[in-house]
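Data first, discussion second: the structure below is written as structure tokens.
Letters A, B, C, D, E and F mark the chains in the order given here, with residues in each chain numbered from 1 onward.
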Amino acid sequence: MNVDWMSAFTVLITGMVVVFLALIALVLLIMAMGKIMSMMTGKGDSGKPAEPKAPVSAPKAAPAKSEVKPAMQVEDGIGDEVIAVISAAVAAMMSAEGAPAGSYAVKSVRRAREARPAWAMAGMQQNTRPF
Amino acid sequence: MFSTIINTIGEIIMGSGFCNLQWEQFVMILISMVLIYLAVAKGYEPLLLLPIAFGMLLANLPVAGLNSYNEGSLIYYLYQGVKLGIYPPLIFLGIGCMTDFGPLIANPKSFLLGAAAQGGIFLTFIGALALGFTPQEAGSIGIIGGADGPTAIFTTSILAPHLLGSIAVAAYSYMALVPIIQPPIMRALTTKKERSVVMGQLRQVSKLEKIVFPIMVTIVVSFLVPDSAALVGMLMLGNLFKESGAVDRLTKTAQNELMNIVTIFLGVSVGATATYDHFLTPSTLKIIALGLIAFCFGTACGVLFGKLMYIFSGGKVNPLIGSAGVSAVPMAARVSQKVGQKEVPTNYLLMHAMGPNVAGVIGSAVAAGVLINILG
Amino acid sequence: MNVDWMSAFTVLITGMVVVFLALIALVLLIMAMGKIMSMMTGKGDSGKPAEPKAPVSAPKAAPAKSEVKPAMQVEDGIGDEVIAVISAAVAAMMSAEGAPAGSYAVKSVRRAREARPAWAMAGMQQNTRPF
Amino acid sequence: MFSTIINTIGEIIMGSGFCNLQWEQFVMILISMVLIYLAVAKGYEPLLLLPIAFGMLLANLPVAGLNSYNEGSLIYYLYQGVKLGIYPPLIFLGIGCMTDFGPLIANPKSFLLGAAAQGGIFLTFIGALALGFTPQEAGSIGIIGGADGPTAIFTTSILAPHLLGSIAVAAYSYMALVPIIQPPIMRALTTKKERSVVMGQLRQVSKLEKIVFPIMVTIVVSFLVPDSAALVGMLMLGNLFKESGAVDRLTKTAQNELMNIVTIFLGVSVGATATYDHFLTPSTLKIIALGLIAFCFGTACGVLFGKLMYIFSGGKVNPLIGSAGVSAVPMAARVSQKVGQKEVPTNYLLMHAMGPNVAGVIGSAVAAGVLINILG
Amino acid sequence: MNVDWMSAFTVLITGMVVVFLALIALVLLIMAMGKIMSMMTGKGDSGKPAEPKAPVSAPKAAPAKSEVKPAMQVEDGIGDEVIAVISAAVAAMMSAEGAPAGSYAVKSVRRAREARPAWAMAGMQQNTRPF
Amino acid sequence: MFSTIINTIGEIIMGSGFCNLQWEQFVMILISMVLIYLAVAKGYEPLLLLPIAFGMLLANLPVAGLNSYNEGSLIYYLYQGVKLGIYPPLIFLGIGCMTDFGPLIANPKSFLLGAAAQGGIFLTFIGALALGFTPQEAGSIGIIGGADGPTAIFTTSILAPHLLGSIAVAAYSYMALVPIIQPPIMRALTTKKERSVVMGQLRQVSKLEKIVFPIMVTIVVSFLVPDSAALVGMLMLGNLFKESGAVDRLTKTAQNELMNIVTIFLGVSVGATATYDHFLTPSTLKIIALGLIAFCFGTACGVLFGKLMYIFSGGKVNPLIGSAGVSAVPMAARVSQKVGQKEVPTNYLLMHAMGPNVAGVIGSAVAAGVLINILG
């Protein structure tokens, strides 16, 4: 066989060097971005784990989370209250039916995917605007 | 062998964007970032401005050649849908599925306001000629005043494709700025008494009328201005889909997935026409100035014709609904509503403004057809 | 500069005239259509505001409407009853939970978007027919 | 200058549709309106007849040139998917995702009824030759009797593209009329005793059988009639998607958005082949007559073969399920059910009729392949 | 007219023969497949109606089915329990409202169509994998 | 006449697949069935392997000509999107919409692991040359080690389109086998102590960082390796759609319907490049062997570099996350998690492995760009 091994290893080394060059550049830029962000927001701790911060902001959410199973998928923009309502309704019903608590869970709460273009009161929906 | 490697890496670096960046490309990349900022943080029509801005970024990456002119690139293929005039009518199909022409059918005189507001197009055409543009370019620039993105892109892709980037950016930016541009003009041209007119409730429109309407509009407009048949026809086909209630599957797909796919392709490839040599020219600055003029003139024409209708109707028509004739659906109609409510808080002009608003879409398409006919 | 102003103003005037021509034609035709419709249906009042008619036909719907917030999006074809059921269920639950009335609202009621092509009993769904 | 304006407006009006309308175009517009009426108000297969009718309207607008033959127009580009044979197989992909071949696997003898009902295709082919059509045209007309839109359009786009409009309109109209066309023929050809046969319950079909089925059909049919491989292959790919249960994402998209997008493009551009010079010909009237004959013959062949199976099975097969072999899924199967219930109200023939019904889809694709092979 | 009737009838006969050939081949293969399946699974009865088998496996499902109207479309993968819950909730509400039983029915229960690509805890969703 | 009929039927049978089947086609059909079995029953990446396998089946049906090379066939048209490099970037657009680069932004050093794991690509390139492949073929084969389907298909369609079928099958098969291939290598190259490292929680990443990230990556990567701009650009556009939160309509369509449609077209037409003359060659066996080597080498490179980071970080980095650098998102990250949990059941490496995992996607695209630049 007549392989040009020199060219071959050139490709090997060049390839790895360029890949590392590109990704190292990104490492540096992202680190710089992180620094700038933390300077701009004045949060010196943004480079550190969020652990200490999370508990402060989550105490109210925690009980709700323990109630709602992790398998539940909630679409953005649906208020927690609405979910609470539906969960509660189902829960209440279940206890009324004599089912063991915890044997059912709200699996999914989602808002209608598309608003129907109902002009009813407010004219054409948001969607139309940009076209 | 070591020197070969150094050579190859050197070649790659010499061939990379870092060694081939021209300052104009750098400026263009900055501009694209500003547009991304406007789209994302300020909410300037993000559905189109974000793809357009990203397309602009891609088109000005050195060496990569990801622009709409470079045969063989991904963007070039996506661009064919713009060049061949396919995307804008398909977007109009989706818009037709989402538009309710009920308020226009209930008050057909609204059509006149939708016609008057097209004055901005033709006045700006004159202005653009005065600034040294060719008639074809001037027509494309004027159409910004129609405040309809697909119409502007359709017309420009026929008359002056090299201006697509600038015109699209101007059109969508000013559309986002309608709530800032229009109110001062509306207030300057109307009296407090005129702005305080409360308009009566609109009549109910039957389903049959709503089904006949799109067919009628297609025929009348296409007969008079055959060059607007593709735009108007697709708009009305979408509306017929919606109003017939018989093809829900198609209506939903046309107004959602089909329109979204086309929007992505159109946005990115229109943005990618804005390579630095096409965009970083005095023309672009002039176009941005003329675009603002177009929106202002269009608003003024609409309001002034509204005053005329106020007089002839014996004070029954509130001239504020005239400004909605520029389209920019439904934002311009909301502006009419808000400006009106400042005088009479209980005044509910929205539905009355929706008439001229959707009439303006048809009006701009007609104006586009006329320009394509005369200048094309 | 060497602008052909004559051609320019010709375009201006011609353009506006044609736009007005087209839209005036539509005004007349739509007015005619309205006339014909009202003649055909024998409702002489179709040209007038719907105000006097609405209250006549809507007295039963009105209370439901005041209960359900305007933000609610209801897809065509879902019976009012079904919505009423769901609203009622949520309302009942809320009062049971001691929440202030009116603090929650059904945001969206919609039918499943696509019927699954289940042949279970009735064979291929309607959708298939026209192809 | 005033005279220039008058001249320009005059030119626009002289060039408008009003001054260039030919009476044939006017007639075509009226016909398209009738079809829209049938689609919307009467519910004649609106998913396809509405786009077809609107495409016909667009194609006959004077001057605008929005037909499938006018290179450069929107419709021309959409039409390429028909011309190149892309759309019909993609629609079959979606149909495959929605079709349950279970009843056919449970009772494979149904295939024979699906084969017999194709007799309508070949008998009509003879009839069309007798009326003076070329063999290629006659084959395309015969395929109307297959009662499968995509198969008819696929075949016609290869053998006789100039007849696309007439054949599509005839095919979809008669498909909508199946509940009216079939019952008298079914009753005329069967005795009360035959119609009263109650058929036993079908066996359960395992998931494995349902997965093997599409692969087997693809291979057998494509081996014997290679020209039907595109249609049958895509139909079976869709069915494999569905039955495998492993690619739900793809199944959903293929049977919804992809099929809807293709349906819109196909409908409009097939409709837009029906320009007046192609449609307002004696051929169209003949095609409409022959289409009806095709449906009637297909129904009759199916029922007669059903009678044969009634005899050979010792009275276990109800011949009414034979008419479902023309496909027109699932309407023809419902017709079998209804006609059967008139005799024995508790008789539930639907599932038994679904076997021949879906077999008819495969049968028509095979027949199409044979015609393309011999005549293409 | 100058029709080549011989060719014409050749097409007629050939066509029908080939169509029958193809479909008869399929009949035989499917019958063979059915045989093989029933041999492999050892269920000698797979060729017979499922009637005798169904009642054995469905006794629990049956009452649920009679409760839920046949028009109901349930997406695969939603547990029967969840449907039962929702049906029960609606039913209970209705009786509380004094509506006649059976006048309402759950029309559709379906799971959210797409999981939002939430990385929350478990990283990118299943969907991403194959690309 | 009877003899004519016999003749015609004879001709049809002589022209059918039964009389024109070559044994290689028969073998290919069997192979396609095995692949369908793997996709459906074993769950080997069914979203792509099922369409690929069916495309392979179609392409090897005798006479039918449903392969990607046969101009005029359905598959040929679908294949143009592969040939012109359109489909892979569009799939990357959808993947961008579904990818969260948060873990990578939180720990940018992950990029290094994503770079190291590309070693598999270049080592396999050498191996392929040694087995007698041309440099272009060797580059395409190497890219299998990137464990990114669209990148592999994009590169191969440029450098060695005749190998598309084999490479696609190898790439997706091994991707499905990642949970079997990787663990032994990971365990062999690491000590129990290294595998037991528990890593700290990642910092929160702000929305702004997530929005800036895709723009930054597009620019940096495209500047250095312009040939990867199409892939990386589209990936990052999708991610910008997602993270901006401003264009939900577009995000949803790009990651669902658009990606599904493109996946069907890409899968079937890539599969249909595997006609027997292209696939039943010694090359294919070599490619399958080399593909396995590529995955193994990639995994090893990643883990070894992880060990380096373990040393330099003073034992803070668990080298197991290095194997995730091959991408195969998110499966390789899950493998890291599972192998780690075997040592310390409470260790939760998943999020740390997601960093290298998504970095590997970018890394492979860069590697592809380098190969296209040097060899293309």
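Definition applied: a residue touches a chain if its C-beta (ideal position, glycine included) is under 8 Å from a C-beta of that chain, and two chains touch if they have at least 3 such contacts.
Small disclaimer: the values here were computed from a predicted structure and weren't measured.
Graph distance from subunit B to subunit E, where chains that touch are one step apart, equals 2.
Of all the chains, the one whose CA centre sits at the greatest distance from that of subunit E is B.
Distance from the centre of subunit F peaks at C, each centre being the average of the chain's Cα atoms.
Our note on geometry: subunit E versus subunit F, Cα centroid distance of 33 Å, whole angstroms.
With centres defined as mean CA coordinates, subunit D is found 40 Å away from subunit B. Residue positions of subunit E with contacts to 2 or more other chains are 7, 9, 11, 14, 18, 89, 113, 127. Shown for subunit B are the residues in touch with two or more other chains, namely 8, 12, 46-47, 224-225, 249, 252, 256-257, 263, 370, 374.
The part of subunit B that touches subunit F in the complex is made up of residues 8, 12-13, 15-18, 21, 29, 33, 36, 39-40, 43, 46-47, 50-51, 54, 57-58, 61-66, 72-74, 77-78, 256-257, 260-261, 263-264, 268. Chain contact summary for the complex, subunit E toward subunit D: residues 1, 3, 5, 7-9, 11-12, 14-16, 18-27, 29-31, 33-34, 37, 41, 46-51, 53, 113, 127. Here subunit B touches subunit D in the complex through residues 84-86, 89, 93, 211, 215, 218-219, 222-227, 229-230, 233-234, 237, 240-241, 244, 246-247, 249-250, 252-254, 257-258, 370, 373-374, going by the rule given at the top.
On the subunit C side of its complex with subunit D, the touching residues are 6-7, 9-11, 13-14, 17-18, 114, 117, 119, 122-125, 127-131. Per the touch definition, subunit F reaches subunit A in the complex via residues 104-105, 108-109, 111-112, 114-115, 118-119, 121-123, 125-126, 129-130, 132, 135, 139, 200-204, 206, 208-209, 212-213, 216-217, 220-221, 224-225, 249, 252, 359, 362-363, 366-367, 370-371, 374-375.
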